[in-house]
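In the two complexes that follow, chain A is the common piece, with chain B as its partner first and chain C second.
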Partner chain A sequence: MKAMTERKLRENLSAYLFVGPFVVLCALFIIYPIFRGFINSLYNTKWRATVYVGLQNYKTIFSNATSMLAIKNSLLFVATVVPLLIIFGIWISGSIFDKRRLYVSGVRAVLYIPVIASMVVMSIIWRFILDSQSGLVRYFCMLLGLKPVNVLADPTYTIYLLIFILFTMNIGQCVVLYTADMLSIPNDLLEACRIDGGGRLDMFRYILIPLTKNTTIFTFITQTASVFKVFIVIQLLTRGGPNYKTTTMMYLLYEYAFGNNINTGVASAMGVLMFVISLVLITLRFVFIRREKEAM
Partner chain B sequence: MKKLLALILTLSLLMGMAVFARAEETLPDHPVDIELWTDFTIDEAIMQKAVDDFNAAYADKGYTVTLNKFAGSQRTTLINGAIENDTLPALLFSAWFTTADYVHQGLVEDITDLIAPVRDDLYDAVYDACVIADKAYMVGMYQSYFGLAYNADIFREAGLDKYITEDANEWARWTMAEFEGDILPTLAKYFEGSEKYPIALFAGDNQADTFTLNWLSSLGGQMWKDGKSNAGADENVIAALEKMISWTENGLTNSDVITRSGTEASPDFRNLNSGVCSCQVSNHTSWLNAMANGSSTQFDLRMATVPAVINGEDTNILANYVYGACVMNNGKADQIAVGKEFLRWLLQGGENLDAINNNAIPCFRSIADASTDPFVPATTKNADLIWDFTGGVPGYVATRSHLFPAIQAAYSGDKTPAQALADYSAEANAIIEEYVENSLVLH
Partner chain C sequence: MKRRGSLGKRSAFDTVSNVLIILFCLLSIFPLYWMVTGSFKYSGDVVKLPPDWFPIHPTLYNYRGVFTNHPAWRWIVNSVSVTLITTAGIVLVSSAAGYALSKMRFIGRRLIFSFVIAALLVPMEVYVLPLYKQVTSYGWRGSVTGAYLAMIVPNLAMPFGVYLMKNFYDTIPDALVEAATLDGCGRTRFFFEIGIPLSKGGIGALAILAGIRIWNNYLWQLLNTFSSKYLYTLPVGVAGLFDTSSGETDYGLRMAAATVSALPLFIIFFSFQRFFTSGITAGAVKE
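This part shows the complex of A and B:
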C-alpha cells in the first residue's frame, strides 16, 4: 500500500512541480489579497489605530450618493459594453471569416491595434481628438464656424461617449477570438447551410452563434471582469467628472485608497463589493448556460 | 569669591556636558538609513547637496539620508501608499497646507523644541502658520506667494503695454475692471482664430486649486468662517463663480475648464499658448532658471497679484504657501531621531539653508536681509495682500476632493453655482467635523 502511494506520488511529482509555482503565486498575489481585502474592509485605520467597525464601511458606501452613482455607472458599463462586444464581435467576425485570408488578417490587425497599443496610449489619442481646446473636435468646430464643445464635460452624455471608447478599445480582441473560432468550424456545415438555401442570417443563427458559444462564455467572463475594473480611460479622459458623473467603482476605490480623503477600510469594502458583484454576474451566466443545457 | 566663581563655572560646565551627553544619548549608536521625501518646487541639486553634506558630516556615525524628489501631483498617492505599507519616510519637505492633515492623523512629530533656537529668526507669520494647538510641526524653509504670471512680450504685442510694470521685479496690481474689461478681451482678440487663450481656468482635479480659491475670493467672499466652509453661504463667493463661468462662456479662458488639470495650465503658458497663468514664486524661479539654461522657451516672464473687489473697493489678493520641513512619525524611533538630527543640523545655518530659502521668499529674517535678489523685496511688499486660503481648518486637504467636482457641476450646468457651492460646503464641513472629532493633536 505504502509502495503504491509512493509510486503514485513519484508519477504525479512532475505535475505538482509544474502546478506548484502557480499555486504559490496565486495564493500569494490573488487569494491572500482577496482575503486581506475582506479583513481590511471591517476595520478603520485612518486615525493611527486599527478599529474594528464591522460592516460600517459597507454602510458608508451604501449611504453615500457618490458611491451609489459609481456602482450604477460600473453596472451600466458592464451592461452596455459587454453585450456590444459580444454582438459586434460575432457580427464582424461572421462577416469576414470566410473571406480571403489577406482581407481577414487585415481587418483583424486593424481592429487589434487598440488592444496592443495599451489603454493609456489609446486614451491619450482620444484626448487629442476630443479636447475642446486643442483637439480635432475644436478644429472641426472652428472649420464649421461653431463654438468649441467640450464633449468630455457633459453630465448626461459623456458616460455614453466613454462606453463607445471602451468598446472601440476592446472589440479587436473579441473579433480575433470569434474569427479564430469560426475558422475552425468545419466547411461541411457552412456548405450544407448554403445548399439548403440558407442565407447569411441563417448561417449566423444556426451555425455561427451556437458553435461559438464557448468563445461567448469566455468573452463574457473576461470582458465583464475587465470592463468592471475600468479605470485608465476614466482617469485620463474625465477623472470621474463632470461632478462624478463618470466615476466608477474602481475609480472611487482608487480615490478612497490614494486620494486626499484616504480611507482604506472603505476602499477595501469597495473592492470586496466589486469582487462580489463580478462573481454574481459570472455565476448568473453559468446558471443560465446550465439551464439552457438542461432544457436541450 | 574666586572659589564661588570656580564652583559656578564647574557646575555650568558639568551641566552643559550633561545636556550635551543627553542629546547624544538620544541618537542611535549604529548606522541608520532614512529617506527625505520632497515635492519642493526647487532645483533637485540644491536638495541633493544638503543631503550629501549631511551624509558626509555624519559618515562616522553611519547616518545616511536618501533624497526622493517627486512632483506635487504625486504626493498624495505616494504618502498614502506609504501610510498603508508602513513605509513613511523620516523626513518630509512639503507645503504646510498639504501636511497639516497628516498632523491631525498623528503622523507628524512635534518639533517645537527643535525649532526653539531659531524661533526668533523665523518670521512670525511663518512660524504661526505651522502651529496647531501651540505645538510646531513644521519649520518653514521658504515661502511662495501664489498669484498670476503674465507674458509681457504677448502683452506688448497685444497692445497692453500700460499694464506691464516698469521694473521687471515689480508685481503688477491690476484692477478687476482692467483685468476683465480690457486685459482678457484684448488677449482674446489677439489670440482669435488659434488654440491660444488669455488665461487658464481649470477644474479637472485639485492640482493648483489654490488658484481657483483666489478667484472665488476675488469679490470679497469668505471661503471659510469660524472654522467651517462658508463658500455656499456667501453671495460673493457664488458671484465669483458665476463670473468665472461667464469668462469661459465669453471666450476669455480655455474652453475645457471641466477637464483641464492645473498641471496642464503652466506648460501651455510656458509654450506661449496663453497670456496669463496661475503661478507661485518658486515656479517663477524655476521657470526663469529653465529659460536661462535654454531648456524652455524664452519670454519676458512677469508676476501679478490677483485683482479683487472687496467691499466695493478695488484691491488685490495673494495666497501664500509656506514650504517647510517636518519629521514624520513613522513609528521607527531610530529614524525619527536621525530625522530630527538632520533638521537640527540644517537649522544651524550655512549655505544649504540659504540655498533652500533663496529658492523663493526666505522664511528666515537673516537670510531675507542678506538676500541681494531685488525680486525678494519687490515680492514681500505685497505681504499685506495675503489671505488665509485654508482657513486653518482641520482636514483642509481632504476637503479639496469636493471643490473641483462642485466647480465642474456649476460649469456643466448640472447644478447652479449656488447649489454646487452649497453642496461643496456641506461635504467640506462633514470632513472638518470628522477631523475635529478624531484629530490626534487637538484633544
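This part shows the complex of A and C:
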C-alpha cells in the first residue's frame, strides 16, 4: 500500500516535470498579460501620471463613433466571411471529395497555398493588383469601359474587397477539414444514396451536410476567432481608411497602443472587449464538447 | 484510392460545380502567379498597362536589388534563426506536456487540458499590448539578443502544439505503456525511448505548422524590431518596402522581395504535404 502511494507520488512528480515548462510559460506569457490588460483597462495615463478611471475607458469606446464603427466592422467581417467559408467549404469539398485522388489533393493544395504564402505576402500582392495607377484592376476597368476607380480609397468597395480577400485566405483551411471529414464517410452510405436515385443535391442534403456537422461547428468557432482578430490585411491594404471606414477592433487597438494616437487605457479596454468575444467562443466550444461526450 | 462508388453517370449540377471550382482555383492562384512573374520584370514593364501577361524580357535585376539596396540577408538570418529556435522549443515543450496529459495521471490534469482548449481560441492579438510592455520591462529591446528573446520566449508556449501532441499520444494504446511499465520501464523512460520515436508523425506535423506560424508572426515581430531595419524579419522587411521611409518605389523589386519571403514556405509545403493534412485535421473532429 505504501509502495502504491509512493509510486503515485513519483508519477505525479514526473508528470509535473513534463507539463511544468508549458504551465510556467503559459502563466507568464498568456495568463499574466491577459490579467494585466484587464487591470490596465481601468487606468489611464495622462502627462506621465497613471490614474484609476474605473470604466471610463469602456465608456470612451462605446461613445466614440470611430470605435463603434470598428466594432461594427469586426462583427460584419465575422458575419459575412464565416458563413461564406462554411457554405463554400461544404460545396467545394462535397463536389470534389469523391473524384480522383490527384484532383482532390490538387484542389486542396491550390486553395491552401494562399494560407502558406501568408497574409503579409497576399496583402502585398493585392496592393500591387489594386494600385490606382498601374494595377490590373485599373486595366480591367478600362477594358470594360468603366471609369477607373481607386478601389482602396473608395469606401463603397473596400469593405467588399476585404471580405473577398479574407475569404480567399481562409477557404483552404476549411476545404482541408471538410474533405478529410467527407472522405471518412462510409462508402455504403454514398452508394445507398446513389442506388435510391439520389442526385448530388440529395447527397448534400441527406449525407454530407448532416454528417459533417462537427466540422461545421469547429469551423464556425475557429474561423470566427481567426476573422475577428484580422489585422494584417487592414494594416497593409487600407490602414483602416479611407476615413476609418475599414477600421476593425484589432486595428484600432494597434493605433491606440502603438500608433500616432496613443491611448493605452482605451487600447487595453479594446483588448479586454476582444477577450470577451474569445470567452463566448470558448464557452460554445465547451458546450459542444460536453454534448459530444453525452452523445457517445 | 480510385473514385469512390461505381456509378459513372455524373449529374449536370456536379459538372458545373467542378468547372466553377477549377475556375475559382485559378483565380485563387493568380495573385501568386502575378507576384512571381512581376518579380522578373523590369521596373518599366511591371507597371505597364495593358500588362505583359508573362515577363517578355525576364531579368534577375529585382532580386539583385532586394539584396543590395536592402539588408535582406539580415532579414533572412533573423527569420530563419527565430523560426528554428522557437520551433525547436515549441516541439520540446509541447511533446513533453502533451505526453503527460495523455499518458500520466496527476492532480490538475483536467484543469490544464481545459486551459489548453480554451487558450486555443485566445489570439495573441488580444493581449499583445500588455505582453509588449512586459517584455520591455525585461529589457528585451533594441539589441539583437533583446529582439530575439522578445520574439522567441513568449511564443514557446503554444497551446495548439500541446493539443496536437496530446491527440497523437492518445493514439498510442495505453496497454503498450502498461506492458512497458511491467517490464520495468518507467513512464519517463517510455517517453524518451518509445513515445518520441512513435510520435514522429505528430512531431513532424507540429514542427511544420508551428514553423509556419512563427515565420508569419508578423504583428509581434513588427513590434519587436521597429527600432532598426537590421532587426527586421523577412515578412516585416518585405512589408516595410511599401512604406515611403524605405525609399522603395519599384513594384518589381517589391514582388521579388515577396517571392523571396514566400519561397521557403512553399518548398516546405510541397515537400511535406502529408504532414499538413494530418496536422490541420488532428483533433478537429474528436476531442
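We take it that the second predicted complex is superposed on the first by the 254 of 296 C-alpha atoms of A that agree within 3 Å, B and C clash if a C-alpha of one lies under 4 Å from a C-alpha of the other, contacts with A are read in each partner's own complex, and residues count from 1 in each chain.
Note that in this section contacts are C-beta pairs under 8 Å (C-beta built on N, C-alpha and C of every residue); 3 or more make two chains touch, one makes a residue touch a chain.
The structure displayed is predicted, hence computed values, not measured ones.
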Contacts for A:Thr264 in the overlay, against chain B (first) and chain C (second): which applies, first, second, both or neither? both
Have a look and say if chain B or chain C is in touch with more residues of chain A. C
Touching A:Pro155, do we find chain B (first), chain C (second), both, or neither? first
Can A:Arg138 be said to touch chain B (first), chain C (second), both, or neither? both
Thinking of the overlay built on chain A, is A:Gly37 touched by chain B (first), by chain C (second), by both, or by neither? second
I'd like to know which partner A:Glu255 touches here: chain B for first, chain C for second, both or neither. first
Counting only touches as set out at the top, which of chain B and chain C does A:Phe275 meet: first, second, both, neither? second
Scan A:Arg239 for contacts with chain B and chain C and give back first, second, both or neither. first
Touch check for A:Phe231: first (chain B), second (chain C), both, or neither? second
With the two complexes superposed on chain A, say which partner A:Phe286 touches: chain B (first), chain C (second), both, or neither. second
Set intersection of chain A contacts, chain C complex versus chain B complex: 131, 133-134, 138, 142, 257-258, 264
Please output the residues of chain A touching chain B within their complex, sorted ascending. 45-48, 131-134, 138, 142, 147-148, 150, 152-155, 237-239, 241-245, 255, 257-262, 264
So, in the complex, the side of chain B touching chain A is made of residues 76-77, 80-81, 83-84, 101, 105-107, 193, 195, 197, 203-206, 254-256, 258-261, 397-398, 400-401, 404-406, 408-409, 411-415, 420, 431, 438, 440
Across the complex, what residues on chain C touch chain A? 1-7, 11, 13-14, 17-18, 21-22, 24-25, 27-29, 31-32, 34-35, 38, 46-51, 92-94, 96-97, 99-101, 104-107, 109, 112, 114-115, 117-123, 125-134, 153-154, 156-157, 159, 162, 186-188, 191, 212, 215-216, 218-219, 223, 235, 238-239, 242, 251, 254-255, 258, 261-262, 265-266, 269-270, 273, 276-277, 280-281, 284-285, 287
Chain A residues touching chain C in their complex are 11-12, 14-19, 21-23, 25-26, 29-30, 32-34, 36-37, 40, 91-92, 95-101, 105, 107-114, 116-129, 131, 133-134, 136, 138-139, 142, 168, 171, 173, 176-177, 180-181, 187, 190-191, 194, 199-201, 214-215, 218, 221-222, 225-226, 228-229, 231-232, 236, 250, 253-254, 257-258, 264, 267-268, 271, 274-275, 278, 281-282, 285-286, 289, 292-293
